[in-house]
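The structure under discussion appears below in the form of structure tokens.
Per-chain residue numbering starts at 1, and chain names A, B and C are given in the order in which the chains are listed.
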């Protein structure tokens, strides 16, 4: 088992793992922000914003992530926007994941009893107030389940970045295979790293669920 | 909404098939094909005691592994679907001596990582595609050659005079193919780390053309092809810093076949076909034909 | 509820004016952005004839068509296999035998956490070097099968308890309760989620690119990297064309899901969302 980690390969593995964590965490943050914004757009009273949200979601949910990576990697430079490949990966992953976050939130907003929004309105709250102070906090609890599967999927999806010049875990797997190490041995360690990551995300969401649980 | 979507989808499918029905044929490549040599096919070719040869004869065609994305070396033309390049010519001249004409050859695209496997499990009869002869590879396959000696070099934008050799790459952004030995070689010259890596060189060249990176590095033969495809924009620096003797990969347990391939190679190097093939392919990049290396395998 | 209308009052004259201004501003901003994108791409000559020329050739069109067929072939095979695998795993997770349950749970959790790319690459390198099709299909089956198993399981669990209990009270065996009472009722509510996951399966066939399976995206990459033009390689046109084909395919599948959902609205409708 130890043979894989000779000649500084352990450092490569560690760097790959940290890179996966980094792009996943950053993408999670941006996807959450962007997804919430898109969900607000989709239920807003402004038709243009609703259309924008709908187009975004349909476009990004139905495009393979790999195609999105192609678009970002080769498209943005032609727009005069130059970024490092890790930044490009974060952009692709956030744009993609945000469309899923948006749909989960929208479904959650629909589960909040109509009376809640009506009560808020009768108190004279605006759309923004109704959404941020009454509906979203309640939707937040019900969407934790589906949201956790979106965010467990994120580190998994981030593996594609390895094919686009980001030195994360998939890149480690590729490099080690090229160096001639046994594929099962490599797979064992890489799999372990991903299992660890998804367990962490799952635990985090379980923690949130217990913290946010309210008797209804 | 639903019907509209269905109609849109139906229309697009229709459009696709309609377009497919009236696509244009590739224009016959005028000047280059004219200069390509033709090779006389030996009708009485025979390789005693070679399993690979017997099977190819029985099959009626030769299956050759090649690259598809290296211009003027091993390249699959998008418009016509035909293979072209120096490696392809080498493959054809050897095939002619084995008794297989161009219509009796099937090319298979094999990526670098799968070369040894596909040779040893008989998926292909032999492999011609920037295949460096190394001791490690010789443990798994046999080689005939070298038929060309390449060396790692740099491809840069034409107007960049500051790149004179590998030393000038210090602190610059370099791109190469994922996991290739070129990456390890260039890392010694302290470019920006990590080295940008994509699975095709075309992606690297695209990044070079859009000014995202400073140089592409790999064997000069490959770089020459890309320089020739983008005339007036790119240049090969011309100071190699490694030795990559290209060979034809054949099965390790078919010594008779390896000998036959090596003999065919020698014959065509001697009768001038090698030079003609080079001039019609890699020579288009402007680099004069190098010395033909002596066969060692 | 119709989603939006409850969240805000019917806009009065001032709110309408405000919304209009917001809408116009947002619209202008978006149009400006689109215009900027269009202009930049045009300045980079991405809309030049040379960039789009490859698509005019018969050979290229045929390759795209065979790529599309290969994508659909991989998708169809993986879809069938993943549903079978998912059904088996779901049955295992609902089993009365603890060891069977434990094994199936472990399998589901493992493959759900594993990146498809990592798995496909490992399968390809170890067993399917000469048959990338099967490397891709088996990778897709293991992952999507595990997700389908969870959808099926939660669908069956969502059938009211009384249904199963009534079955047992009538003296039916477990297999009979499953086959004649629970599954037929669950299928209706599960279908949208199952088809949602099939969309994911379809999108993920594009990972065949990594292991040289000549599906649609692989063909696209081949076109892009083998057509040099005076302005670089046509990655953007290829992304637009190939991306559109994927979007159309996925929208067709989604439309199918919507249609089925509409037909089965009467039933219990607990949905499990498809994983990304």
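Assume a contact is a pair of C-beta atoms (placed from the backbone, for glycine too) under 8 Å apart; a residue touches a chain by one contact, two chains touch by 3 or more.
The shown structure was predicted, so the numbers you read here are calculated from the model rather than taken from an experiment.
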Look at the interfaces B-C and A-B and say which one is made up of more C-beta pairs in contact. B-C
From the centre of subunit A, which chain's CA centre is farthest? B
Whole-Å separation of chain centres (CA-atom averages), subunit A against subunit C: 16
Compute the distance, rounded to whole Å, between the mean C-alpha positions of subunit B and subunit C. 36
Subunit A and subunit B: spacing of chain centres that average the CA atoms, whole Å: 39
Could you list the positions in subunit B whose residues touch two or more of the other chains? 199, 203, 206, 210
Interface hub residues of subunit C, defined as touching at least two other chains: 44, 210, 221, 233, 235, 251
Where subunit A touches two or more other chains, by residue: 74, 78, 163, 174, 177
Where on subunit C is subunit A touching in the complex? 1, 3-4, 6-9, 11, 15, 19, 22-24, 26-27, 30, 36-37, 40-41, 44, 46, 110, 112-118, 121-122, 125-126, 199, 203-204, 206-207, 209-210, 217, 220-221, 233, 235-236, 238-239, 242-243, 246-247, 250-251, 254, 272-273, 275-276
Subunit A-facing residues of subunit B, complex: 113, 175, 178-179, 194, 196-199, 203, 206-207, 210-212
State the interface residues of subunit C toward subunit B in the complex, per the touch definition above. 44, 54-63, 65, 129-130, 210, 212, 221-228, 230-233, 235, 244-245, 248, 251-252, 255, 258-259
In the complex, the residues of subunit A that touch subunit C are 42-50, 52, 58-59, 61-67, 70-71, 74-75, 78-80, 96-97, 100, 103-104, 106-107, 109-110, 114, 117-118, 121, 126-127, 130-131, 135, 146, 149-150, 152-160, 162-163, 169-170, 173-174, 177, 183-184, 186-187, 190-191, 194-195, 197-199
Interface residues, subunit B side, partner subunit C - complex: 2, 5-6, 9, 12-13, 16, 19-20, 23-26, 68-69, 71, 75-81, 109, 111, 114, 117-118, 121, 123, 199-203, 205-206, 209-210, 226, 229-230
